[in-house]
Amino acid sequence: MELVRQNNPLIHCMTNDVVMNFTANGLLAIGASPVMAFSAAETEDMASVADALLLNIGTPSNEGVDSMVLAGKAANRAGKPIIFDPVGVGATPFRNEISKRILNEVDVAVVRGNAGEIAALLGQAGTVKGVDGKINADVKELCLQAAKALRTVVVVTGEVDAVSNGEQLVAVANGHEWLTKVVGTGCLLGGVIAAYAAVQPNSLVDAAVEALAFYGVCAEQAYEQTKKEGIGSFQQTFLNELGNMTDEKAAALKRVEQIC
Amino acid sequence: MELVRQNNPLIHCMTNDVVMNFTANGLLAIGASPVMAFSAAETEDMASVADALLLNIGTPSNEGVDSMVLAGKAANRAGKPIIFDPVGVGATPFRNEISKRILNEVDVAVVRGNAGEIAALLGQAGTVKGVDGKINADVKELCLQAAKALRTVVVVTGEVDAVSNGEQLVAVANGHEWLTKVVGTGCLLGGVIAAYAAVQPNSLVDAAVEALAFYGVCAEQAYEQTKKEGIGSFQQTFLNELGNMTDEKAAALKRVEQIC
Amino acid sequence: MELVRQNNPLIHCMTNDVVMNFTANGLLAIGASPVMAFSAAETEDMASVADALLLNIGTPSNEGVDSMVLAGKAANRAGKPIIFDPVGVGATPFRNEISKRILNEVDVAVVRGNAGEIAALLGQAGTVKGVDGKINADVKELCLQAAKALRTVVVVTGEVDAVSNGEQLVAVANGHEWLTKVVGTGCLLGGVIAAYAAVQPNSLVDAAVEALAFYGVCAEQAYEQTKKEGIGSFQQTFLNELGNMTDEKAAALKRVEQIC
């Protein structure tokens, strides 16, 4: 976190229409600089100067994906980490196709999704409902398997989050259920992982684990302050926490388990 | 409300760019699952699996309307209710054309608008200013007449809301003026009506009336808590109320009058 | 401010995808009526009936700029003031091109940007990072020079804001650093200047100075109330202040210096 605040990384967010504002405010809160650019006329230029690229297909279109692939290739050429968030993959054939296309044409550093989405990326059947789907799956096994198959770091978020690069496997138990009651908290998490990856590009598992623990602790603290009020207050207080949380406090409250 | 929270209906929102985030957060607050999908490459698939479809033309485009018509026809085939919110119709010829097109090509279950918008749908002249326009009109008569002409349930919102299916006419007096000071409260109301319609598809007048009363009571409660602070606080507290309100409390505070 | 609240000007916002909601809520808070319309099928009609037009290129596309030019020409024909916010110009060649195009084809009344953006409009090299870039520049000199070169009123925002029409030069010292921690505060400021310009079209320097002082005082007041909580609370309280601030209070707290 201190590294993010000191280095103020520029995160090029190609994210969905619903969560842009919340993502930008969350990234500003943690000390990163968000920039949004979507047109094929400039995404390569923007991806080249940014410190990391976030690709999120929450409201996908054909032109949007063309632009994402251009940006992704530019980020690859510039050696900048790419975080891919396959929102709602499994819900429609279109999202399956474009997810495959992005994974084929772009060298992704970290993939983040819920269990249903990660299973869908592997072609496994599951019941995905909208973008907050849950499937019955052994999340840890799924994470390890996906990381091997996709050859990236994989983050499976859920009640307990799992992170793997195909060899290591780490579980993060922080977080709160109310995160699922605010739209874009998963999408912003992708941005926060991008910010951590931008300042620690050579240890992506650590970057993802620290981002998850930090994020989860902020949610827990925000819930404690707003549980009597409701999720409108939670959303605002969560942004306060993202801005105020220190590495020391996050380290003291984190619940991280190295599994292998 | 309890039905919504138990059934957690999936609402496919094809709404405008300004209010997507607020709409999604409001639907999550009441216990529904929002999903946004706009591309013609997937709107039919999404509309088929969702429990209701919201069409809102607040920031219209030709491609967007093509997509809406595809989604609407798919929802019709699947027997899912469609709520149409003709935002700003009357303000430009383009909005008049696309509103006609949607009403001609799609079988809409509920139309929601302010008096100016509903009058414009009927081809009646009025002074519509932006998207919060008001015209002089006998709202109840307008509502009944529009429901007959459009052969749908019509909701005319204003100081007192009116709901009609062309035979019944119900007035709902709940609500607060500060709702007009937060962008997207009308649009979110369309989403809330969609959620109620999804769980009560065979009694759409009741669904709309209950949604209006619930929504209005939440606004009244939020105003009481924030009137000394201002509309920024009102917006947040309104989301708290949407999440916390019970059927019992809403029933005790509702001001509903069956007119015919 | 009282003029805005009395006249309730309709502001046609062609702004970026990230800040639409915040811009609309901020304009509602000050008593203006925002309307968003982007499609070439209706932007001319909307610009003709609105009282001012805001052009903001924060998330630009080729079609979007075509639409902006159409709207701009229609606003020019109707004699309505246009506020241009060249977000991120200097960051990519595309933003440089479209900024030139808008300034060439449309008669802009006020240009608002940070020092890096205004310098980029003049073709001066600078280090622009994302959309919150800072460059070393004598801001007042830059403002005067830009106003002469562009033949518009120019607003350069920063720690101290500068306003010039090429002859007069005014500095406004109000504001707070936390404004840079909430996305869209610069963009909303463009909308607020548009609202002031709509009700004072013949004294645009005064309109811009009053808008800046008002806006800055609201930020200072919001910071005082939320500095112990954080920037999530600041964002909400800033909206409260925009709604509650009076001309008298703003006049008492403004820090405005007429330089020439």
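Lettered A, B and C in written order, each chain numbered from 1.
Note that a contact is a pair of C-beta atoms (placed from the backbone, for glycine too) under 8 Å apart; a residue touches a chain by one contact, two chains touch by 3 or more.
This structure is a prediction, so every number in the text was calculated from the model and none was measured.
Chain contact graph: line, ring, star, complete or other?
It is complete, because no pair of chains fails to touch.
Once the Cα atoms of chain A and chain C are superposed, what angle does the rotation have, between 0 and 180 degrees and to the nearest 5?
Rotating chain A by 120 degrees superposes it on chain C.
From the C-alpha centre of chain A to that of chain B, how far is it in Å?
For chain A versus chain B, the centre distance works out to 32 Å.
Send over the residues of chain C in touch with two or more other chains.
As it turns out, chain C has residues touching two or more other chains at 17, 21, 235-236.
Hey, which residues of chain A end up touching chain B in the complex?
Those in contact with chain B are residues 16-19, 21-22, 58-62, 88, 91-95, 129-132, 180-184, 229-233, 235-236.
Please give the residue numbers of chain A that touch chain C in the complex, ascending.
10, 17, 20-21, 24-25, 28-29, 33-39, 41-42, 45-46, 49, 235-244
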